[in-house]
Structure formats: structure tokens, C-alpha cells
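First the structure, which I've put down as C-alpha cells, then a few questions once you've had a look.
Should a chain be cited, it is by its letter among A, B, C, D, E and F, assigned in written order, with residues numbered from 1 in that chain.
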Amino acid sequence: MPLASGAPSPPSEMPARPYRMIHFFPPQIEKVRAKIPELIPKVDILLGNLEDAIPASDKEAARKGLIEVALNNDFGDTSLWTRINSLDSPWVLDDLLTIIPQAGDKLDVVMVPKVEGPWDIHYIDRLLAQLEAKYGIKKSLQVHAILETALGVSNVEEICAASPRMQGISLGPADLAASRRMKTTRVGGGHPSYQVIADPDAENPEAPRVSAQQDPWHYTLARMVDACNSAGILPFYGPFGAIDDPVAGEYQFRAAFLMGCVGTWTLHPSQIDIAKRAFSPTAEEVKTAKRIIEAMGDGTGTVMLDGRMQDDATFKQAQVMVQTAKVIAQRDSEYAELYGF
Amino acid sequence: MPLASGAPSPPSEMPARPYRMIHFFPPQIEKVRAKIPELIPKVDILLGNLEDAIPASDKEAARKGLIEVALNNDFGDTSLWTRINSLDSPWVLDDLLTIIPQAGDKLDVVMVPKVEGPWDIHYIDRLLAQLEAKYGIKKSLQVHAILETALGVSNVEEICAASPRMQGISLGPADLAASRRMKTTRVGGGHPSYQVIADPDAENPEAPRVSAQQDPWHYTLARMVDACNSAGILPFYGPFGAIDDPVAGEYQFRAAFLMGCVGTWTLHPSQIDIAKRAFSPTAEEVKTAKRIIEAMGDGTGTVMLDGRMQDDATFKQAQVMVQTAKVIAQRDSEYAELYGF
Amino acid sequence: MPLASGAPSPPSEMPARPYRMIHFFPPQIEKVRAKIPELIPKVDILLGNLEDAIPASDKEAARKGLIEVALNNDFGDTSLWTRINSLDSPWVLDDLLTIIPQAGDKLDVVMVPKVEGPWDIHYIDRLLAQLEAKYGIKKSLQVHAILETALGVSNVEEICAASPRMQGISLGPADLAASRRMKTTRVGGGHPSYQVIADPDAENPEAPRVSAQQDPWHYTLARMVDACNSAGILPFYGPFGAIDDPVAGEYQFRAAFLMGCVGTWTLHPSQIDIAKRAFSPTAEEVKTAKRIIEAMGDGTGTVMLDGRMQDDATFKQAQVMVQTAKVIAQRDSEYAELYGF
Amino acid sequence: MPLASGAPSPPSEMPARPYRMIHFFPPQIEKVRAKIPELIPKVDILLGNLEDAIPASDKEAARKGLIEVALNNDFGDTSLWTRINSLDSPWVLDDLLTIIPQAGDKLDVVMVPKVEGPWDIHYIDRLLAQLEAKYGIKKSLQVHAILETALGVSNVEEICAASPRMQGISLGPADLAASRRMKTTRVGGGHPSYQVIADPDAENPEAPRVSAQQDPWHYTLARMVDACNSAGILPFYGPFGAIDDPVAGEYQFRAAFLMGCVGTWTLHPSQIDIAKRAFSPTAEEVKTAKRIIEAMGDGTGTVMLDGRMQDDATFKQAQVMVQTAKVIAQRDSEYAELYGF
Amino acid sequence: MPLASGAPSPPSEMPARPYRMIHFFPPQIEKVRAKIPELIPKVDILLGNLEDAIPASDKEAARKGLIEVALNNDFGDTSLWTRINSLDSPWVLDDLLTIIPQAGDKLDVVMVPKVEGPWDIHYIDRLLAQLEAKYGIKKSLQVHAILETALGVSNVEEICAASPRMQGISLGPADLAASRRMKTTRVGGGHPSYQVIADPDAENPEAPRVSAQQDPWHYTLARMVDACNSAGILPFYGPFGAIDDPVAGEYQFRAAFLMGCVGTWTLHPSQIDIAKRAFSPTAEEVKTAKRIIEAMGDGTGTVMLDGRMQDDATFKQAQVMVQTAKVIAQRDSEYAELYGF
Amino acid sequence: MPLASGAPSPPSEMPARPYRMIHFFPPQIEKVRAKIPELIPKVDILLGNLEDAIPASDKEAARKGLIEVALNNDFGDTSLWTRINSLDSPWVLDDLLTIIPQAGDKLDVVMVPKVEGPWDIHYIDRLLAQLEAKYGIKKSLQVHAILETALGVSNVEEICAASPRMQGISLGPADLAASRRMKTTRVGGGHPSYQVIADPDAENPEAPRVSAQQDPWHYTLARMVDACNSAGILPFYGPFGAIDDPVAGEYQFRAAFLMGCVGTWTLHPSQIDIAKRAFSPTAEEVKTAKRIIEAMGDGTGTVMLDGRMQDDATFKQAQVMVQTAKVIAQRDSEYAELYGF
């Protein structure tokens, strides 16, 4: 305990398992359901989607499919989540009144879209409490919110702190763009319209000028990460829509990992391995972090390593890196080998 | 209504007319007043400026000139706004006590500079109410605030929600820079001092290193856009001072459009067409958006288009694009033709 | 006074002396203490460090060393600060109960690490009041907070306004990174994982694509600067850990200066001159600013200068630049000459 | 409109119909249901109780009975309300999922017990919205909260303003007493333990001393009335348990009427007439109020009446009295005659 | 200073002059104006009323009359206040634009009726600032609010703290009663409908029962007093309408004095002496307080006096009493003699 | 658990032991210390006073005396508390730095006077944490605040919720009276100046009129009780200064018990038995409560008892009464016998 020893320790809420990707599937499609058993060991989280991308005419089938998936599979260490329809939709009450009684014991987290303020969490919190009590659900279901309206961003700190059920938040860049009237039809990532151009060359004002593309999501993601950590919950990137551009996807995911996210959504099986790479530290990073920890002894004071000063604070940064690697290694033998744990 | 049908709809506050540029003019100058009739059809908003850039000795002439402009012109679909002096100046009370009684019925919006908190809006709100009642102004005047102090940014959500009169907010980068003690004399845009430099090449540490220029206004603009949309009002970029650098101006405006702004200020006639281009979607963007809407049918479910997945959320993004184009086309025949509406 | 004359004036809280660098020293090391007399004239602020980087076993020696430094030196115009251990450590109470009684009259500012909310400032505020009263300290000690947890960032406006003792805030990027679980072991500056990549060339999709590195600290620094200015206190950048990369350090410092910071930390003597350069306007910038001020007369109205319009707002920006230069020139003859004051 | 004419007008939210009593009935009892038709014309509001006083074993029968009552009766101008079980009970979800679909169109108000903060209203608000949409309820159901916990009193202003559905609040003195650990088993009214005793007679210190009994509910009721009026909703007294003491009941009800309540609960038929008397102005009061209104003409200025000065403010008080009488007279011929309307 | 010596001192904001009565006069009546010179020495505050009780047709004459009174009299130590019309009336802007320019230098306090929240104070605060600057008023006018709506009571703490101009608050029981729909046409004081009745005598249940009348204003006044003292401003009782019942008036005033008010309104000359008596401590009270102070020496520890224990806290209470008497004695020779100062 | 069974249960925070009186003693007086052993079994809480009533010259002796008392006595089930000097006094830091290291393990609660807001609790909370850690105090010390300033009352809800250390709050009527400038030198209880007088008899207007004395502390105590219960902490009455008037003391204490307080202060041994009587239910009350509980079976539904209706809510009230009696009986054999437990 800090008060007793003074030794620096990593943030207490370091997650105990990896959350690198939330893999979405449409549960109304039989072919998809058939492949669930082989997907389970490949992903950290499996999410049965009931909301956007599920046609209005398939909402009922999706609920049924999800219950079938939940009851007929053993998920082992993999989490099963669901995304319900938005709280102002005509479907959400049936989503909950159908899914929780029949499959509540197999679910870990309910993802709630278009959350705008703590009131939305209060609603879902109490409804889950009543359903858990009525149907004897043995675990307390957690809640994950998607940040996809301007008002949600303005209220993100209050949303994160609205209930002890809160597990985390994902960025929802497509709905958020529409809510802000951003002029884009892309889902996440950069946009060529957002650039900063260099000054003209005074000597040669007509010469072509360099411009640097900017990250349109920086403010949103950075504030979301702080809001989550302030409340002790986990921040996730969301969807990256350009499935045909895995390079840009990996850039985006890696940036989110650097900024503090623990994972992302994967909308297509091809994104699973990209997410795995992007949300796991490199072997190099883990090695450096281990060296810092070893060199720092009790974690106080300073040492020089490769010409850079390490102290109590970098010791903590190194612990974040190593601990992240450790929980990945426990779940994923490939990474265990890579890190040498 | 979402609760009835579940079909995704664009943000309810999509503006009913274009706001691409607020064109500033100094009303004390006769030559300028003479050209107003030909400016009216070229701009979306015309603003008679009483504040910064109007010399102290011309404040009275500016008020008079504005009243003359207001009374002697027919503005059609073009809005007439005024920017009053700041609430701690010796001029603002006379601005309002002169302009509202004589020209209140012709004005749409009062722009208030250097707003620092909701209290400033409360003041102007009540004073307008009293003047409207006393002088029988038939419309309820709207209020537009400029965000140009650090305290204003810290309070931007409360400012936006301070009154039903609030119409929108503009970024005021010059005053804001001074208030923050930013070390620049530029008005908006990037600055060569704000760069991130790449790591040295480990093989060749002395080699020149790439650096990327950064947007110093990202946080401010992004938070302002969310605050506006949370309160159902409109965000605008503000002045771009380098009239001699139209290229940089267009980059800046286009970035603001992408980020969610509906328009900008134009300080010089040469900026009008730049603003028009930057704050109107391209024909290509509109075409893509239309194809998404058509392909998505009732707006739920998914379709693949050019290798990218579209769903309820991108359907909404496409609606934002198309609806923006539509209101522009209704006002501007050149763009109507471009978009094919 | 604005209400009387209407003439624009710079922000009232323009600092009366330069704060370009807070130079850290470990007071337990005799060799370091011996060099203090020659350091004093070279730096704006000298800080005796008791916290991170001081080994647990040296905490007592560090307190003693600091008291020795404080009592045996004449600091002239240079400020003496100390950084105490964090409020949840086993050392902070002894830090204060030892240092304030013995050296309180020589200290200007107490830097408090890991501040999370106004409650931390309330604690230190009252404890200082009680110690000042008890030991007859003649000056009221000021407080400087370090922003190094996610919760601290979420509460930064309240922290800045928590007490009239608040003097300023520094960014603490290493602890903050750990608190956010950012995956980095760097201390400040950019990171190669945070990039935005350009779209592929449609003609040649396999061609290498440009990417632009992004500033991971933009949101944090920009919000911190606004919070400080809203409360009338001073924002500082913090440590830049890569002592072996002075080029990147200067980029980082210069960016912070542009964004509104008044100074930075220097962890190594080699960083002192870099900080001096980065946190002083260039001669060119000062010259331009002086020209604007001269051309603008009473500060209202407009003039054209080198093809750019100047008005009341740019007049204020120019005043910020010139006034910053003036206080530097008063302290630093080298810069006085450079600026021609 | 005040801004136009300056004439004082009564509070805009003067109710359009009388709310003198909410008469509770236990809907599971057949004999009770049989008497509903004759009760309807005698009471302003009829409430089918599902919560406290309904045995656990009768909860289902009570729901059924309420639906039967709702469907088989014509309520005319009399309102039909229900009190559901508390939000942390095992019954409330079934209460709502049973009652709203089957009898939602006949219900006016849902009374929610043990409300502790706005979150409770947010929950019920959204659940009602979803059920109304799903079952095509044509009216928007209103919500009435009972103030019966210490936390509820601390949050009463936020509760009142939590939703546009809020119709009013009742005091719940029995639960509130338990929540506060007040040492009483009475339901409402005074208590002999709460007295203030006069000073002893200095001449004769042993003489018996007068003591005055105090109102233990003054703070709660007064704050509740202000909270309701601040939000434009209606305050009600609640149950008076001593059915065998009609004199004390009438004192209590009359005090609540004076303090601003519009009505009370009646738990027994014998309380209906007491409530009617207590929550209707006397003929004398109405007569005086009419005289003030007549004497004051346009409502501004002053007149002397029976040695007391009347002005714009007493004119408003008189309007409250007369308007209250008018809506009672419209519903109740006995009172119409009494008042001479 | 407490921190230095530990000796208890009275609340720092003890007023430096008496405020026992605010005497209202209708300035449009010539006969009234003629008597002002003889009223000045008899009252602590003289208030020219422009609002309620001034007929709509006399508003202009009232302004004129007030200016005449202000300019033609020397007020000595007596304060001159005015009550303006309410902020939603058609008269208030003319009130201020007429009175401040012409008589601002003679006025001390502007009383604002029907204040509902801090926004009302923000409005008046800024408008006064602009008028003071424009017309060169040398003193900063203070603001006194009347608490006469339910919403105002709910916001009273924020109203008190809304501006450094805030001088105090008065209770406005007539408008407040109307706003709360209290069923009374009285202005202040008790009401026979608000009584608590004793339990029946078990032996003789039909025997007449004692009842005790209650104070309907207790909550409002007590909360108002705390809100004022929290913000360092002064609480006043307001009007007592029953001019023909001086006995009840004196009871009411005396109760307000006990509860912490510094003064009251007087609507009729006959109330001036009642207010003087009620808001001055009795000679007996002052004598007791002096004895406590003398006995307590440095103010710490305990002494027994007449069988009651005095300590640091009662020492402070005694100081409040004596200091109140002292400022009265300085102004009022009759009381100086009574107290023996 | 309510969600499982629906049976009503008393407030979860029913105290597990009696707190009927906090008996104050001046620890600097040897004679007093000598009697502590015989006082311990007679009181529920023993408080060593360091603040008001301890002369400035005895502060050090009082600390020493308290440590002696703490170390030399076995307190059994009796709590040992201390009241430290106020946070703005020159003594409080020494109080804590002396008492906690030497006697922290024997203390249960630190009473903090003149608390004005949550910041005061934050201060004491953190200082206690640091001292407990440093001196290895095995229990976490609790904090009890005294409500004795107007600002404290305005902030009472925030004070109660400021820390998990909060144990309770006492009313401090003497300091509070001074802070509010109430014109009284009494400590608690009623005051003859606070009366409401009946209307004159219309037939005989000169006849003497009844007046009823009012409780000046009603608002303060009622709001304090709610604030405590909202935060799950305990409300106490405070000092009753008129030791020579035990009759009035018992009235005051009994009223506080009825209103929800768990105990009071006793300043003199003669008040101990009065407090015991006043803060214990009567045998009659306990008997009635037991009968209600028995009659109500599972606690739901209704029964008639002596002509009054009992239901789930009165069942809870009865539980409060019986549970209060039980914890008293466990500690106090005299009461055990009285209640028949």
C-alpha cells in the first residue's frame, strides 16, 4: 500500500484479462451461428448484435439466434456480450425481456448504444436489477456504453460514473459523425479534408506546400480515455469501417492502443488478427519495460538506461506495459512465447 | 418517430437553410453601404460590424450606417446580423438602445463577442426581451456568441444552453489566442511552431527528420461542435486572417466543415467563394451519399458498397450529406445544378 | 479600464517576471548543492525535488539538503520551489513539517504531485495556513499542481480554482500515461504509434502512403491552458525525458510555448538553454508585434500590414508577445539586447 | 402578458380542476370494487393501490382487480391513478407490464413510492415511454412521486424537475419517519413529544409552565411546496393515519391547504368530506378575495379595505383564492352554491 | 486574527450601521415628498417605491418624484434606496435608464423584486455597471433582492452569492404566498388555519383540546438567514400588512430579529417606532451581554453567571448583542442613553 | 433483501449501539480525570474537550490530560471521543500531532467544530490518514462535525457525504446563533421572542390574545437529520446550556429524539439521566411497537389496532422503535428490565 511503503504501483484497475477485440456477429444468420464454436477461442469477446446492421425484419430472429448461441456453446474464458437496440427504439424492451430471462446467466455485458447521459445508464441499471432478481440471474450483468452523440461526449464523465455496473465505453464514430453533422460517410479513421498546410515558401510562394493530415477523433478519444480511467472502467476504440483497407485499420487501432484503449471492435474476421497485433505490445516494448523494472529495484530513485533517465514514474509506465503483456500471455500461447513469459 | 418505426433519421436539428458564410461589413463606410444590394444575393448572411475593426471614433457612425442599411434594403432570403461591442465596453448599451428600436424588425441575429459564461447570455437575453416588448419587435431576436476567451471555452456547454435565443457559436481565434497567451499574431489556421518531429533514424541519427504540423485549434473546435449540437445550435468557424493566402484559408475552412461547422466568417469579398466551396459538399460526396441511401432501403440492416459495409449509422451520415446539399441547392442554382437536384 | 475607454488591453494576468524553466535538483547530493550558487543566475526557477527520482532511503537527506540550500544561498530574483511527495505517500507530512518551519521564508511555491481534485488543494491549502501561522512565515506560500492522473485532467478546472494560493499547473506526462494505461515508456513528446495515414492512391493502391505523426498531448495541454487562464494561473509544460534528443525537446517546448505555456521543467543542465530559446519569442516575432502595436494607434479600427489585416484583436496578440519579451529582457541581458529593449 | 401590460396575474400554473383528495382503494377486494361506481362522483381522484397495505399474497389479485375497475367503469371527470410497488421491490416490473398494456388508456397518473432522486423518475419515465409506444397508449401517462425517505427530501427539487411527466408530489409521513428514525408510530399530524416550553416564572419558578406543541412536518412540507412550484407541479399532503380522530385530521389538512397543498390522501370514506372542507376555501375567504379584486381595478396601485392595504401582491393572492374556488365550483354543485358562482 | 491568538471574535460581517427599517414612500405624491425632510432623521433607510402599490398610470410620475426627492434632499447618514419594477415588467428598463443617470449618485441600493435565480442578479449587475460607467456614477450601486417566488426560495443561496453588489434580501410574503398558492390574503404574520392540535384527553375524549398556532414562514426565513450569512449579506423581514394590528406586527418583527434579521419594511409611519423597538436589543439584553463579555476575559474558558455556563461561544453571542446595540447607539441618541453607551 | 421478498425492513443503518449522550469533560482538571473511572459505565460516550470552554492557557494541559485519561482507563463498551480546536485556530495542528500518535488507538471519533463545507472534512480526513499510517493506528478514526455556522447549514448535505469517516453531526446552537446574528445569549432551546400571536377577538379586540412559542431550531434540525440519513450517518442534538432548568432541557432533548436524533451532549453530570430518559423510548411506546410488529405478520398488508390502521410503513416505524430499545437494553440493564427484553 502506497501509504505504508511509498513504492510506486501501477493503476489499481489494470484489467485481469485481455480485451483486445469485441467481435460482432449477426445472430439471426444460421451460417454465422454455425461458426461460433471455432470463433470462440480466437477472440477475447464475442458480441451478438441486435441493433444497427440487423434489419428491422430480423430483430426477433436475432434475439432468438443469440439465445441459441448462448445456450448451445461453452465460452470458456471468452466473454459473451450483446448489443441491444437504442433506448428510444421500439425494440429495446423486448430485447431485454427476451434475452435476460433466457440467456442472462451466459451473458457478461450488455452494450447500450447512443447513450446521452447518466439517465440512460440509470434506466438500464434498474431494469437489469429487476430482471436479475425476478429471473434469479446469478451474476450482476455489466453495462458498456457507446459514445455516439454530441451530448454523450459532453456528458461522458457522468456516464462513466453513473453505475457500478459500468464496464467500459466504446467510441461510435459513425453515429457520432452524424450527430455532429461531420461531413463524412466514413466509419472511423482519418479524412483527407482534415489537413494543416505549411506556410508558403517566402522565396518561392507558388511552390507546392506540404500538408499534414490530422486526427479528427483526438479530442473525443482522449477525453473518453480520461473519463473511463477516472471512473475505473475500460476505454475501447469502436468500428473501423474500411474493411478493405487493413493498413489504415492497423494504424487506427495502434493509435488507440497508444492513447490508452484496451481494445477495439472487429466487424469482419479479417480484422481479428489486426486487432490482436495492434492491441498487444511488441516484444521489443515488453523487453524494454522489463529492463526498466529490473533496473529500478524498489521503484524509487533514478537510473540511466540507454541514455534516458528512468524514475518512479517511468517504472509505473513499464509496469503497465508488462502487466498488459502478462494477461495477454496467459490467454494467448502465441504471445506468451513472443514475450517469453 | 424512432419509437414507432425504428428507422434511423438524421439529427433533428438539420438546418433548414445554408449558413456557409457570415460576411462582415463596416457600416460606417458609405462606399461599403452602396455595394450592399449587390452583395445580398451572393452571401448567406450579411453582418454589420460594430465591434473590433471599427475605430472608437466611428462607433456612432457605424450604428447609423447599419440602421440605414437595414431600412433601405430588401434582404430576401439573406439574413441580416449585427456584431455588437463587448459587454464590458462603453459602447454596447448604446449599440442596443439605438439599433433594436430602429432596426430590430430587420435583424435576425445579434452576435455577442467575448462571451465568458451563461451570465453574459442571461444579460443579453433579458435586455432583448425588454427592448422587443417596449418597441413592439415582432420577431424574437436570436443570439450568436463568439468563443474568444479561455473562460468561455471552459464554460462553452453552459453558454450554448443558456437561452432559447441561442442560434450558434463562432470560434474567435485571435482574441482567444491572446486570452490564452498563445505566442502568435496570426488569426486562425496553423502555426509553424506547432509540430511533432519523428524519432531520429537509429542507423543515421544525424539525418534530417520529418515533422508534421499540428492543428492548434482541434480541441477548441471539437468541444465547441459538441457543445453546440448538445444544445441544438449551430457551430461556425470564425475569421481566417491571412486574406493573402487563400490556399491556407480553404484548407482551414474545409477542415472546419469536416469537423461539423456549418459555415465561417468572410472578412473580404475574395473569401466568399472560398467559403462557398469549402462549406458545400462536393458533387462526388453527394453522389456517394445518395447511393448509400438508395441501397439501404428502410435504413436498417447492411449492404456492401464499393467494398465498404453500410448500415443504419452510415445511412444517417449519408442523410446529413444529402440534406446539407439540398438546402444549399434550394438557395444556390449553381450548386443545384452541380448536385443534380 | 475597458469600460471607460474601450481600448483593448492584454489579459490582465500577464506575468510580471519570466517563468521559462523550473530547474529540478536532487538536494540530497552534496555535489549538486555545491553548484547551486552558479545555477541561480542561469535559471528562472530552482526546484528542490523531494518526490519521484529521490530514492526512498534518501528522503530524509533530501529534506535536510533542501533546507541547507535554502538557508545558505541568496536567490535574488530567482524563485525557490520544492516538490513534495504525493499526498498518499508516507513522506509528505514529514516533508511539510520539516521544510516549512525551517525554510518556509525562503520558499516561494510548493509543487504538489498527482493532484486529483480540488480536495487535494484544500488539504495543502489549510495545512500551509496552519504552518505559516504557527511558525510566523511572513509570505503566503503558493501552490503548483502537477496534472498526472486521468482524474486530475477530468477535474482540472476545479483544481485551478480551488484556492487563491494556486500559482500554476504543470503537465506530468509520465505518470499521466501510466494512469491512462497509454502504452509508452517515454516521458513527454510524440510517439511513432500515433499516426494518421493517407488514403491509398486509387491509381496505385500498393504505393507507399504518407502518414503524419500526431501530438498525443494536444487535448490535455489545450484544456489545461484554458483551465489555468480561466482561473488566472499559469500553465507549464513538464518534463521531457529524452535528454539525449535535444532536437525533439526543443520542438516539444516550442509547441508548448505556442499553445500558451509560460515555461517547462528542465531535468538536466543541457535543457536550460533549450528552454530559454523555446520559451522566449524570437527577435523577428517581437519586431512584428511592435510594428502592429505602432500601426494600430489607440488599438481600435484596422490597418493593413504586409497584406494582413490587423485589428483590436491582433493588437492584443501583439501586446502578449511584446510584454512577454519585456519581462524576459528585464531579467536576461542577452535577450534584452536581442529584442532591443 | 406581463411584459406588455404590467398587470399582475396569478401563477400561470393554477390547476384547471380540483385535486382535493386522492381516494385510495384496495382493488383486490371484490366488495370494494363493487362500490367504485358510487365513489366516482364523490371524489376528485380515485387511486387503485398496489403497494403498502396490499399483502404480498394479494399483489396479483390487486393488479387484476385494478384492470377490472379501469375497464368496467366510466370515470367522467374523476381521475384514475394507481400506486405501483417501490422500484426496489420484486413486484414493480409486473405491475407496469400488466397494468399499462391492459389499462393504460384509462389511467391518468402513476404514483411512484419511495422516490429518492431524479434517477428513479428517469427510470419510470423511459419505461412508460417504451410501454406507451409498444401498446399504442394514446395519452402520455403522468408521474406522481411520494416523498418518504430522507434522501428524497434532500433531492426534492431535482425530483420535481426530473421529467415533463411529473404531475405532483405527496408527503409520505410514515415511511419518512422510519427513514429518519423519528420515534413515532403515528402517520402524519403532530406528536406530543414535540413541544417548546415557556421560561419559568421568575417570581414563582415552580409554577406550571405553558408549552406549545410544534409541527414536526413544517420544514418538509414547506420545502416540498417550493420545489413543486419551482417546477410547475402540484404538492399534496399524504395520509393521516388516525381515522378515529377526524378533528386532528381536519386541522392537519387545513394547515396543508394554507401552506400551499392542493389536496390530500383519503384512506377511509369518512375522510372524504373532511378533505373536501379542508381543501376548499370558505365562503368568507372567497368573498373577501372577490372584494379585493373588485376594488383593485387593473390590479396596480393600492386601496384600503377594512383597514388593511391592498396592492398588486394581495390582488394576486385574492386571484389564487377565487380561482381555486372557481374550479371547485365547476365540479361540485354544493360548493358552487356556497360561493355563489 | 483567530489563527494568531485563538480568541473568539464575532462574525466579521457585523454591520457598521443600523438597518432597522426600510421605510417605503410613493414618490409620485407631492404631499409625501414634502414630508421627506422630516422623515429622514427618523428612519435608517428611505425607499422610493416604483413597483407594486404604484398605479400603472403613475409609474412615470413616480420616477420623476424620486429624482426630485433624491436631488433636493440631504440624506446625512440615512440611506436612499429605490425599488424598481420587476424584470419582466414593461417599466423596469425605463426605471433604470431614467433614475440612474439622473440620481445614481444619491442612491445607495436598488431593490429588485421577484428575483428567481442568479440570472436575474447577473442582469441587473451588468446593466448597473454599464450605466455607472456611462454616466460617471462615483459609487458602485448595491443590489437588494426580494424573495417572493417559490423558485427564488429554491435558489436563495445562489441569489445571495450572485454578485459582489448583493447587499441583502427581504422576505416578500404576499407575492410568495401567491406563488406557492398559499390560501391566504394576509401579508406576513401567522394565520389561524395553521395550528397543531393536542391529542384528545383519553379520559375525556370530547373535552375541548388545546391547539398551538404555528409560524408559516419559519422555513423560508431560517433558510434565507443562512443563505445571507453564507454570502456575507444582510437578511431583512419584509412587509407586515396589518397596519391596524400593531401588536401582531411587533410580535412578527421581534421574531424576525431573534431569528437573525437586521430590520424590516415599514409601510406606514406608525410602523417606524415598532420596528425601532423590535429591531433593537432591550436594555436588559445588552446589560446581560456586557456582563458575559466582562466575565469572560480573553474570551476562552468558562465562567458561571446566574447559574448558566458561559464559554467561547456565548461570548460571541454576547458580542453580537453588544455590537448591534453600539451601532444603534451611534445613530440614535435615545438608544444610546438607554444602553448607557 | 427487498428485491427478493418484498418484506419491509427498517432503515439499514439502524445503529448497533446506543449513543444517547456525549458527555463532555475538561481533561486538564485533575479532579475531573480522577472521576472518569466511575463515569465510564454511566455514559454512552465520553468526550475529552480541547476546544471552547478550555482556556487558551490550558490547551496544552488539556491534551496531556486527555492522553492520560485515554491510556489509563479501560473504556469497555463506552466510546472515547475528543473535540479538537477549530481548523482556523492556532491549536488544532498540535492537538492532532499530539493526540493521535499517543492515544489514537484508544480514540473512536474526532469531533471537529465549526465545519463550513466538505473542504474541512477533506482536510481532516487526509491528515488522519497520514497520521494513522505513520503511527500505525490500527483502527480508522471516525469524524463527527458540529454544525455551527450559517455556511455549514447551507452545505450540510455535502458535509455529511464528504468522507467515509463521517460518523455523525451535532447541532451547535450557540455558535450558530452568533454566526446568524440571532439576538440571544441562550444555548439551545426556545426563546420568548419567537412567538406567534392569535388574531384579536373581533367581538372584543382589546382582550388579551393567546400566543404560541415557536421552535427556532426546527428548520436547522430537520434539514440536518435528513442530510445525515441521506449519507447514512447519525444526527445528534448538541448542548443545552440552561443546566439550572432541567425541565426545559428534557423538553428539548425529547423533541430532538422525536425528530430523529440519536442522542445529545451532556455538559454537566446532572444532564446524564435526563438524556437517558429523553433518548430512550418509553416502555409504553415499545409495547405498542411490539404489538404492531406481531399483528403485521410478514409486514405487508393491513391490520386495525386500537382503531388505527397499520400497514407496511407503520410496521417499519415500529421496527425503528423496537430496535432502538433493543440496543439500549443490551447496554443498560435498567432499561432491559423496563422493556422486558
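To be clear about the criterion, a residue touches a chain if its C-beta (ideal position, glycine included) is under 8 Å from a C-beta of that chain, and two chains touch if they have at least 3 such contacts.
What you see is a predicted model; the values in this text were computed from it and never measured.
Within the contact network of the assembly, the step distance from chain C to chain D comes to 2.
The equivalent interface to D-F, defined as the listed pair sharing over half of its contact pairs by residue number with it, is E-F out of C-F, A-D or E-F. On a Cα centroid basis, the chain most remote from chain A in this structure is E. Chain centre most remote from that of chain D: C (centre = mean of CA atoms). Rounded to whole angstrom, the centroid-to-centroid distance between chain A and chain C, based on C-alpha atoms, equals 34 Å. Chain centres here are Cα averages; for chain B and chain E they lie 49 Å apart.
Residues of chain A in contact with two or more other chains: 3-4, 88, 90, 129-130, 133, 212, 214, 218-219.
If you check the complex, the residues on chain D that touch chain E are 2-8, 10-11, 14, 157, 189-190, 192, 212-215, 218-219, 222-223, 225-230, 245, 247-248, 251, 254-255, 257-260, 262, 281, 285, 288-289, 292, 298, 300-302, 307-309, 311-314, 316-321, 324.
On the side of chain C, the complex with chain F involves touching residues 87-88, 90, 92-94, 97, 118-119, 122-123, 126-127, 129-131, 133-134.
Of all the residues in chain B, the ones that touch chain C in their complex are 51-56, 58-59, 85-86, 88-91, 148-151, 153-154, 172, 174-175, 177-185, 187, 191, 193-200, 209-212, 214, 216, 218-220, 241-244, 267-268.
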